[in-house]
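Here the chain labels run A, B, C and D in written order, and each chain numbers its own residues starting at 1.
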Amino acid sequence: MIEVLYFAWVREGVGKAQERVDPPAEVKTVSDLIDWLRHEVLADKAKLRAAIDQRFVPLDAPITGAREVAIFPPVTGG
Amino acid sequence: MIEVLYFAWVREGVGKAQERVDPPAEVKTVSDLIDWLRHEVLADKAKLRAAIDQRFVPLDAPITGAREVAIFPPVTGG
Amino acid sequence: MIRVLVSETPIDVAAELEALEASGGGAVATFTGLVRADDGVGELLLEHYPGATEAALEKLAAEAVERWKLVGAAIVHRVGAMTPGERIVFVGTCAPHRSAALEACSFLIDRLKTDAPFWKRETRGGDASWVVERASDHAAAEKWR
Amino acid sequence: MIRVLVSETPIDVAAELEALEASGGGAVATFTGLVRADDGVGELLLEHYPGATEAALEKLAAEAVERWKLVGAAIVHRVGAMTPGERIVFVGTCAPHRSAALEACSFLIDRLKTDAPFWKRETRGGDASWVVERASDHAAAEKWR
């Protein structure tokens, strides 16, 4: 089971801040997970960033063993 | 008449913060003025800086028309 | 001294400054970012990734302390709703010498803009929009790599 | 807003910061210099050239405002006797963008060290000595020419 978190307009588009999912074995990377989730707001991956267990990762990072995957827009703080 | 001001260890060495002087016509520059004043603490000119009417100047600056000449060590503020 | 705080409470810069001054160096540099009042924004909302944010800021502060031999580093970031003129972010550094404090302060704010999971949403006359990332922020962060 | 103050009164950084924040930009940078507590100094005396000092600081602040398009610049310098931990100098800048505020703040403190008529006398265990100028201060000031 993976806890998926969403932030900012990704969260608004998905309609929830988090969900618990259990993807099949062929879902190997964050990018695979995004496809598998089938949320319309996640269609343009160039606009997405991700973290696995609270560490920033590229979208092709493997999710093997991940407990928490966060999907969000580029950051704009400070 | 020129008001001569001294600061920091120059002031301590001269023994006063200011004096009013009337140098002869051959005293043309700040450097000439320093020689003419004959204060022992002013012997090493490499350690001295000056201002004429509150503007920093090199020691070879002419003192023609000056009302106030300040002689002091390199600054060390901030 | 490393201090990291992410909070909905207004930032008390006087208290932050005093803590930095007490950390033992003779040079203190700070940067404060305010919600701009001049471009029609009525409200700013700051969202963040709890846990990951604090970890990112701690890492950044530790990197600055190590690289510039700081005796103190503080990063305080406001989250939640705020209005024009309010402080969004405060970063401060304390070092024995001024160049270290000033450079590390620039480093912290430049890298914070790209390395910490915050998102700004601006509301102008009832319309809310998420702020888009700026290429200039990435350029500023890159110069410290 | 340009503010220059040379005074024997302790520097109120909170008040100075608030004035800068109110000057209209979204980015505020500051530098504060403290009397070092760590090298045996018991008392620091700051002497200056009244009139010339204020003129030099005004000129420096105006140059920074012009060069970095600041909306605010403040230089506050303590004179007279002070003890370790006390603030000697505060410089602050406010601009629409952070790089302008940060660079101008570095400029102000670097140039103040060489361009304004202040002299420091340190007292250590009863022995007073005037501080000698530092070549590194001149190098730092030169990089802004």
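We take it that a contact is a pair of C-beta atoms (placed from the backbone, for glycine too) under 8 Å apart; a residue touches a chain by one contact, two chains touch by 3 or more.
Not measured: the values here are computed from a predicted model.
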Shortest walk length in steps over touching chains, subunit B through to subunit C: 2
Centre distance in Å when subunit B and subunit D are each reduced to the mean of their C-alpha atoms: 26
Between subunit B and subunit A, distance of the C-alpha-averaged centres to the nearest whole Å: 73
CA centroid of subunit A to CA centroid of subunit D, Å: 49
Residues of subunit D touching at least two other chains: 33, 109
Where subunit B touches two or more other chains, by residue: none
Which pairs of chains touch, using the document's own definition: A-C, B-D, C-D
Residues on subunit C engaged by subunit A in the complex (per definition of touch): 33, 46-49, 51-52, 55, 77, 88-89, 109, 112-121, 130-134
Interfacial residue positions of subunit B with respect to subunit D in the complex: 5, 7-9, 11, 51, 54-56, 70, 72-78
In the complex, subunit D residues that touch subunit C: 13-14, 17, 21, 24-38, 85, 87, 96, 98-99, 101-102, 105-106, 109-110, 140
